[in-house]
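Both complexes below contain subunit A, partnered by subunit B and then by subunit C.
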Partner chain A sequence: MIHTAKHDSDITVIRPGVDRLTAVNAKAFKDEVTALINDGASQLIVDFQDVTFLDSSGLGALVGVLKKIGHRGDLAVAGLTTDVAQMFKICRMDRVFTTYANVDAALQKMAENQ
Partner chain B sequence: MTSKSFHMQNDLGDVDRMVVSLKTAVEGVLDDATMFKFEICASEALSNIVKHAASADKSDPILVQLSETKSSLNIAIFDPAGATPFDLRDHARDLDTVDPLAESGRGMGLIMQCADAVTYGSQDGRIGLILTFTKSGDF
Partner chain C sequence: MIVDRLKIIVAEDSELQRLVLCSLINGLGFEAVEAEDGVEALNLVMETGAQIVISDIEMPNLDGINLTRKIRELELDHYIHVVLVTGADENEIRDEALEAGADDFITKGSSTAMLKARIRTATRLISHAAELAERSRILKEINEHIQEDLRAAATAQRQLLPDLQEDIMGFRIASAFVPSAIVSGDMFGCFPISDTKLGFYAVDVSGHGVHASLLSVAIGHLITPAYFRTQTMLNDLAPDPAALVTSLNDRFSPSDNDDYFTMFCGIVDTATGRLDYCQAGYPSPYYVDLTGATEPVGDGGFPVGMIPSATYENKIHHLDAGGALIICSDAACEAENPSHELFGNDRVRMVAATTPFAGVQDIPTHIVDALNMWRDGKPLEDDLTVVAIERKNSHDTHSQA
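So, the complex of A and B:
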């Protein structure tokens, strides 16, 4: 389901690989990202540029990933489409996640912070 | 009044197909902002009914109806036969009160926040959730 690319500074970019991250596939998304974390990935960017819709289950899965990383690393989200950004805002998740306009901006900032 | 009926399998795997079909059916009726809220509500309500409404026969499809008045679009999602009545208005949590790190518990609050009106009761002899959205055009 997910597609990953490892960049310099051990930052992993994750694309969910679906255009709708919902109750149908949220658990699979969380399980696959959790497996990456268990394998040592700790600097993660989730790229939402191809995701057109996100429901509360998708958001919940993302929160689960954030909790899994905890203080061991960092999780940012990038490329939020208009509707997905609105969903973050309605659910007050814009206060929880660090968001960037695109992956390049997220990569630059996370690399600077290391 | 124009009315359209849809049937969804009582399976999470059929929710996205149903939501996309519903969106297509109301294209041009709702403005972009309201369409977004409609999509959220439809997705959350349909997922909720599949996950939580016990039914006598899981092979029975879930009936969804769209209808319009001059000023509003209504979506009715009927409980499957044998399901225990569940009025989400009694259980929805204000999104401001949900723990930011909770992994669940936002769906019903989203419906309450995004729909212009939420009712639960009998229509055409069946029990269901009826969500109303102010419309901006015609079918």
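So, the complex of A and C:
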């Protein structure tokens, strides 16, 4: 379900490919991103621009992926829409994930940090 | 064991031909049941339970094609396999017979081998149908068992919830608990923890269904009034709901799956109205004062069981006499209408604002009703919990009742 694009400096941008990341597809999302990590991807940006809704299972999957990367790399999120941003705020996920306004901003910052 | 031979109804008006056909069929190990015409054959279909009919086309009273139609009109719960005996070139009649619902044909004067093959086809279909029926019966039975177990689990879960018929320590409390799938991943509790303090919590396990409900019930069993008191009243200075949440986080973080839960818990002082609370990813409740003015309580906090090192904060809010706290799980704000629009926090807040006028007892039902309307009667996709706690006005005449 996910779409990925590899950029310079080994950063992978992931678009979930659904407008709602929920209990219905959270496991598939996690499995596919985990496969990317197992294949060596370590600098990841999840692009939420087209995701209008994230439920508790979706958030659980995202945190699961973050734990999977651990100290080996970085997982940032970009382009949070209103309801998703609200979900992040109420769960304090803005303190767990580095968030960027959009993918371009994330790419620039992450490349600088390397 | 005597096995009943499979009955085959033979409808044929010519006595000689009928005898020949019947003896062939009996010779093949079946039990031929004779019918002189279509009417008799139809009666035998209803009386004998036979599932195969071999019929001539031309017969007095009721011919083969009309017999086929009549059999189909019966709409029996088992299928009747109809084989018609026709002449070699009677293609038009065959077309008409197929329209009427015939399954197969034998040409008059066919060999025994041909008859045997036709009957074998019919019996194979019959045994397939019986097998399918048996499988679906077993599945239905298993499903009924599972449903029964789930209902028993749901009853057990409901028994964990507090009985809120009576007011507790000067608080009027009402609730709604609506599982999306018989059992719920939600849990809440409400109890006195000292002479002057009321403790309460609401929990929402991520996901829903059986998996989430097992964790929610475990949490419900764990958070007894004694546990709640011990965790939150460790020092005499002030209640410490964050300590309760931290201890739960320590307990539930080590699991290597993605399970976690959100929580809101608090302690209200009956004399002063001071609320000490801790919010852990649960939606902010609304505080509603006597005039219907609302404000969200809390601006967020880490969920429980997600991040082992998460820290939790104690916060304070004040409940005026007559003021109420409306706690609502995210199933409310996340409920979608048929055009996929979320119910949203603002609508939850609007219903909460009616508390002083509608009465706190009715607010949970009003929220459930508003969500039902929003979803056009479709059941919620997530478990809903509403808990409404009102600090009663000392001049409140209701409280004397």
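A few remarks follow.
Here, the second predicted complex is superposed on the first by the 114 of 114 C-alpha atoms of A that agree within 3 Å, B and C clash if a C-alpha of one lies under 4 Å from a C-alpha of the other, contacts with A are read in each partner's own complex, and residues count from 1 in each chain.
Definition applied: a contact is a pair of C-beta atoms (placed from the backbone, for glycine too) under 8 Å apart; a residue touches a chain by one contact, two chains touch by 3 or more.
Just so it is clear, the structure is predicted and the values come from calculations on it, not from any experiment.
Annotation for the three-chain superposition on subunit A: subunit B and subunit C clash. In the superposition on chain A, A:111 makes contact with neither subunit B nor subunit C.
With both complexes placed on chain A, subunit A has more residues touched by B than by the other of subunit B and subunit C.
By the document's definition of touching, neither partner reaches A:2: not subunit B, not subunit C. Contact with both subunit B and subunit C is seen for A:23 once the two complexes are overlaid on the shared chain. When both complexes are overlaid on chain A, the residue A:89 reaches subunit C alone and has no touch with subunit B.
In the superposition on chain A, A:55 makes contact with both subunit B and subunit C. Contacts of A:64 after superposition on the shared chain: both subunit B and subunit C are touched.
In this superposition on chain A, the options for subunit C are 56-64, 92-100, 200-208 or 290-298, and subunit B clashes with just 200-208. In the superposition on chain A, subunit A positions 23, 53, 55-57, 59-61, 63-64, 83, 86, 90-92, 96 are in contact with subunit B in one complex as well as with subunit C in the other.
Those residues of subunit C that touch subunit A in the complex are listed here as 204, 206-208, 258-260, 262, 281-284, 299-303, 306-307, 310, 330, 334, 342, 345, 382.
The part of subunit A that touches subunit C in the complex is made up of residues 23, 26, 30, 53, 55-57, 59-61, 63-64, 83, 86, 89-92, 96.
Within the complex formed with subunit A, the residues of subunit B that make contact are 12-13, 15-16, 36, 39-40, 43-44, 47, 51, 95-96, 98, 100-104, 106-107, 110, 113-114. Of all residues in subunit A, only 20, 22-24, 53, 55-57, 59-61, 63-64, 66-67, 83, 86-87, 90-93, 95-96 touch subunit B in the complex they form.
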